[in-house]
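Shown below is the structure under consideration.
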Amino acid sequence: MNTFLHISPVTASILVTLLPLFACLAQALIGKKSISGNIALVAIIASTGISLFGVFLPIWNETTTLQKWAWFTIGEYTLEVGILLNNLTALMQLLVCIISLPVHIYSRAYMKSDEGIHRYWMYLSLFCFAMLGLTVSLNLLQLYIFWELVGFASYLLIGFWFTKETAVQANKKAFLVNRIGDIGFLIGIALVYAHCGTLDLSVLFNQTGTQIAIDKNATWVTFAGLAFFLGAMAKSAQFPLHVWLPDAMEGPTSVSSLIHAATMVAAGIFLLCTVFPLFNDTVLLVVCIIGTLTALSAAIFALGQHDIKKILAFSTISQLGFMMVGVGIGAWDAAMFHLTTHAFFKCLLFLCAGAVIHEMTHLKAKAKLDIDPQDLRHLGGLRHFMPKTFICMVVASLSLAGFPFTSGYLSKDSIVITAYEWANHLRGVYVLIPILLTIVSLLTAFYIGRLIFKTFFGDFKYRSYIDEGIIFHEAPSLMLVPMFFLAAGSLFPLFGISLTDYHSAWIMLTLDAGTNYPILAQAHLFIPILLTGGAILSWFMGWRWYVKQKYPLSENNRFVHFAYKQGYLNEFNEHIFVRGTTGLSRILYTFDRYVVDGFTKFFSWLVRQLSVVAYWFDKHIVDGIVNLLAGTMYYIGHLVRHVQNGQLQTYLGFALTIVVLGLLYLIIK
Amino acid sequence: MITLTHFLVVSACIFCIGLYAVLAKRNTIMILVGIELMINAAILNFVAFGKYDKVNYGGQVFAIFAIVLAAAAVAVGLAIILNVYRHFNTINPQNIHELKD
Amino acid sequence: MGVLSILIFLPLVATLLILVLPLSAKATFKYIALGFTFLQFGLSLYLYGNFDASLGGIHQLEAYQYVEQLAWIRMDLGAIGKLEIDYLVGVDGISLPLIVLSTLVMLMGVGASWNTEKSPKGYFALLMVLNTAVMGIFSALDFFLFYVFYEVMLLPLYFLIGIWGGERREYAAIKFFIYTLLGSVLMLLVIVGLYFSVINPTTGAHTFNMLHMMNPANYVDGSFFAYIANYHEVFGIPARLIGFIVLFFAFAIKVPIVPLHTWLPDAHVEAPTPVSIILAGILLKIGGYGIIRVCYSIFPDIAAATNWWLALIGVVSILYGALNALAQKDLKRMIAYSSVSHMGFVLLGIASLTAEGISGAMFQMISHGFLSAALFFLVGVLYDRVHDRYIYNFRGLASLTPKYTAYVAIAFFASLGLPGFSAFIGEAFVIIGAFNAESMATGVPRWMAIGGSLGILLSAVYLLWTLQRMFFGQVRLKGGLAWQEALTDLNTREQLILFPALALALLLGIMPSLIFGNLNASVLQLIDLINPYL
Amino acid sequence: MIESLLFYAFAGLAILSALLLVHIRNIARALFLLFIVLFAMAGLYLFALADFIAITQILVYVGGVLILLIFAFMLSNKELLDDLQPSSKRFISLPNWQAIILALAFLSLMIYSYISWAQHMPKWISQAEAKGRMILPTDNNIKTLGFKFMTQYVLPFEVISVFLMMALIGAAHLSRKESNK
């Protein structure tokens, strides 16, 4: 079956993973002498090729294969690492490659002439290595290792411009919030290990036949599931651990597109799909609720943002919420489908935004303006200057909004419709979830419409500068080519021949999660119409509001403010958790210094005082008695010595005294 | 009637005054004066007792001897005092304590 | 004379050599020290290379390797019996990695002392005496011998801190000395008690042999520390329990645990950089080693009964140390507190009484050994340049000293447990072991494991915060331009010292089997020793 | 009766003058007081029927000793004239009060012994009283003394004259200036 490369899929997969690592190491060794990024580019091209032909094609819909090697033995347990290749992992690895490749190309133009570019390529390769490794890990601990490594790479890339205060604050925040999730993941691993005695995914989830029986109703399963979900929550920016993602936009836009939109943040979804068999109903319900909450809150927050990248970040969070709901309702195939389509269009959105920012930064530098090039309020009317970028952006936006003919239409419908079916199956308040999702979909259309309208329509405020001769032009072709490629990927033909039926998309067909909720035929008909119609309606409203300047809300509207401030969540965290922790630490340090160490000091003081008392006793009592005796003797001797003072009168006096005494004696006798 | 005891009491008083002068005075010449007083007290005793010795006249004879001796003692004593003053530049007996150990 | 004895006494030869050489040859002292330490490192690698990983050790003399046994003191004490003290040294899976670690850290320590100006003769002589003592502690199997080495270790350290230290060195040195001495005096009490409770089965005489002490059959019936029919009580506490507590107390001071840790920040802050390196890299490990080798092996029954408390102390140390580190403004003090936190993992792992936990604890000790050494060295580098360690006095160092920042970042990420580095393996397996403890019914509840895992988060908090505050952002230094000029990047010697430590951290993170391979048999044996009492 | 009064007057004069003598600070005045004391003593000698002794007292003492003392001062340094303040603070340095106590003790002791002794006088005094072998106011004392000196006491007389000469020579020798030093 593998005719392109005469290597086994496993070897190919290892190659795919390791090539970026070698690129990273080579870049690290060469350092500043190589700034072109050719090494990284070559590595990712090779990886993509091998991944497509050497791994994906032989594995997809064909076979599940794995290979393991003993890593080390601890106690009696031998930890084995390996490569697990099945539909899910092969798809994920390919996706990462395919998204990485255009981003690499794009970065050549976008990051050109940055002085730290050699570090950029190094970090980017490191990220690719970690992300690719993550996708094919066999062992949960191995997965965890790559999981942390992508976080680390993301830390490095967010803080790429490390002299920028906001950037270094953001990367610290990102890493720490992710650490919370990591702890959850680690606890999950520890629980699985404690109860199943193995961390091997193939053994755990019956992919080689030897399954370990897991009683799904056991308490520990719930806890383990929630622990894994905590990990996924942090990585996939779920409410309330999403706070790091908007801040992470401080990194270069190319990085945001790859890491914080398409791949790394999807790792949480991927993890949940991987360990899906472990989840019981309680956990899935929690996943569902959190997913819905995230989708809703992020969509609301997106409405109030002015920063073009932050809108996209919240959009990402919101879409990740959709995927979470997909997992929560058991349709993890739909989640993966949405993950894939989302990777394309969201990456494209970021790249387009990057192109806009790129040009705006140039303008800012040339015209010596003091503006934030990412701020929507400074943009407008750009469709005349950047028509190709505008078209790409529109395609991506339509896809995000779920407009027919796009991939987003298929994947989003798959989640929303399955959610209706799921709610219909369970009845009751569960129906709230699909309704909320529908509302979120409409909000999505609205906020992305707002983005488009404010950026590309209306008047350009700085036209005067362009009239003066400062060139403001379309993005360079090195940036446009990857964008066109992704735009093509955002349309429906890549995923299926059917325009409307998501069930016939090839990803859905292969990754069949086996959800068997009763099919609601009306849902398949009405929901797409509702979503599309609603989207058009909201765009019309947006058109009127933003292009025709008929904005109905005042600047100080509380709702707008609430959305702009992201629901005051950052402030809440800052006050409660950050200040709480630092305050606690300060209190504890005071406690340590004055109580714990104070006890030591008190003890030593006590001993010293005791010694002083003992010394006093020794000096004045023990030695005092001796001194008293000696002193008395000395005094008497001194007294007698004075008799011999050499004075005749005194001698005479004494003699006479003796005579008197003698006479007295005689008389008395 | 003046009895022997009268003389003795007077002589005792004079003697004790002399004794005090010898013990307490801070001037060597006054000590010498004190000694003279004591010698006079003694002479008074001599003559008072000599009243009862008509045979030998010992009291009065030795009174004469005592007067002569006192005169000689004063002469020698003054000479010594002058020498002491030259040597020590003081005649305060308290400052003259060569005998001290 | 066996290779182990050579390893132990080689530094003494160096001491003699340094003492004999005239003061005019003072430039050679560091080369002598370096040469001998290097030789020692080579020897320890030889030990490592020829070690048979399948043998367990712990309580079986035949399973120990490189054993040397010589009658040292034999004295007929009449009615009390015969005094029997052996020169008994040997190595098993527990001590081998620590010996290799010690020789490596010593090498780093000597390298870090390269610029010592103040009376190098005394300095290097003392350093070598310390080296001998440390090697002796890790290889002694006779309790008396162990105690002798333990005491010998104290003296050079006292002088090294007290003479070559910072401003408040006398205070710190005395605090350190008194604390440790308190521990060793308590240990002596138990040693004597054990001596009168245990007899050598072959000669019938009382013995100081630790391995005999680990065998319940060797205890005299009705003796103070006897296993069965022990009616001895001190303040109403059973004798064996009090013995365990006292021994634990002695070693816990060294670890150190909260609340016996206050000597550590002071000692570290005042100690010169090489002594800090040795203190954190080797001496803290003596505590953990002592708990495994002495407390757990000689008192397995009590160990099984008290591990809940030990784990609690471990968790408290982890969280308390980490939170305290967060509050620090002095970089060195922060790292000192992070040591408390990281050593808490050791205690938690040991107390879990699972193979994963104990192996993880051992691994954590090794990893913390050279990572903390590297961290203290990095602080020393900064302090050498500008004589300041106050975190808020620096900002944006990354722009000035990129290499230094890279090393710091690697060391920080390694010690906050980034996968791929050794600390991750140690901490992860301590947590996994602690979780596993409930399945193994060793009595350590899961909430403690969760508490421990919070320590991983907190360590990331304080390390990243420091990284952000000191290294990132725009350059802003308290000392202004003078500092900017003084802050040169790492030189070759410094890189030569740092690189092996960090490379080793990476190597062990990727190939943990280098340690686990030799450790497993011994750890399993220890578990077997304790298991019957669970 | 008048005889008794005169005796008491002389005794009182002698004692009071002597007390004033030891009390006074100025040495020149003290020496003049000594003059009075000596005169009063000479008067007392007369009551003891020793007229020659009284004359000799006046001649030798007042005419010799006292003049010698006064000249000794006047010829010597001024410091000799100054009263010297008690300077010592030492524990046993015999300050005035101690000397007074000692002197009074001695006095009381003597007076006590005289009074108790007066009850039983020695035999030779009572025999002399009984046999009337006492010197009488009518006796020619000077003649008897002259006889006694030349007969019974000739040897002590010679010895005392030689002694007197030695003393005078010695005094002259001592008081000469030692210029050769």
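Labels for the chains are A, B, C and D, by order of writing; each one numbers its residues from 1.
In the analysis below, contacts are C-beta pairs under 8 Å (C-beta built on N, C-alpha and C of every residue); 3 or more make two chains touch, one makes a residue touch a chain.
All values derive from a computational prediction rather than experimental measurement.
**Q** What's the farthest chain from chain B if centres are computed as the mean of the Cα atoms?
**A** Taking each chain's C-alpha mean as its centre, the farthest from chain B is A.
**Q** Report which interface contains more C-beta contacts, comparing A-D against A-C.
**A** Pair with more contacting C-beta pairs, A-D versus A-C: A-C.
**Q** Please tell me the distance, in whole Å, between the geometric centres of chain A and chain D computed from their C-alpha atoms.
**A** 128
**Q** Nearest whole angstrom, what separates the Cα centre of chain A from the Cα centre of chain C?
**A** 35
**Q** How far is the middle of chain B from the middle of chain C, if each middle is the mean of its Cα atoms, in Å?
**A** So the centroids are 100 Å from each other.
**Q** Centroid from C-alpha atoms only, then distance chain C to chain D, rounded to Å. What do you get?
**A** Roughly 105 Å separates the two chain centres.
**Q** Residues touching two or more other chains, restricted to chain C: which are they?
**A** Nothing qualifies.
**Q** For chain B, which residues are shared contacts with two or more other chains?
**A** In chain B, the residues touching two or more other chains are 19, 23-24, 94.
**Q** Could you check chain A for residues that touch two or more other chains and list them?
**A** 645, 647, 649, 653, 656
**Q** Quick check on the complex: what are the chain B residues that touch chain A?
**A** Contacts found on chain B: 19, 22-24, 31, 93-94, 96-101.
**Q** In their shared complex, at which residues does chain B touch chain D?
**A** The touching residues are 1-10, 12-21, 23-27, 29-30, 32-34, 36-37, 40, 43-44, 47-57, 59-61, 63-65, 67-76, 78-83, 85, 90-92, 94-95.
**Q** Residues of chain C touching chain A in their complex?
**A** Residues in contact with chain A: 175, 178, 258-259, 261-263, 320, 323-328, 354-356, 359-360, 396, 398-399, 413, 418-420, 424, 428-429, 431-432, 434-436, 438-439, 449-450, 453-454, 456-458, 460-461, 464-465, 467-468, 471-474, 511-513, 516-517, 520, 523-524, 527.
**Q** Quick check: in the complex, which residue numbers of chain A touch chain C?
**A** Within the complex, chain A touches chain C at residues 71-77, 141, 144-146, 148-149, 152, 159, 162-165, 167-169, 172, 175-176, 179-180, 182-183, 186-187, 189-191, 193-195, 581-582, 584-586, 588-589, 592, 596-597, 599-600, 604.
**Q** In the complex of these two chains, what residues of chain D are touching chain B?
**A** Against chain B, chain D makes touches at 3-4, 7, 11, 14-15, 18-19, 21-22, 27, 30-31, 34, 37-38, 41, 44-45, 47-50, 52-53, 56-57, 60-61, 64-65, 68-69, 72-73, 76-77, 79-80, 83-88, 93-96, 98-100, 102-104, 106-107, 110-111, 114-115, 118, 121, 124-125, 128-129, 133-135, 139, 141, 144-145, 148-149, 152-153, 156, 160, 163-164, 167-168, 170-175.
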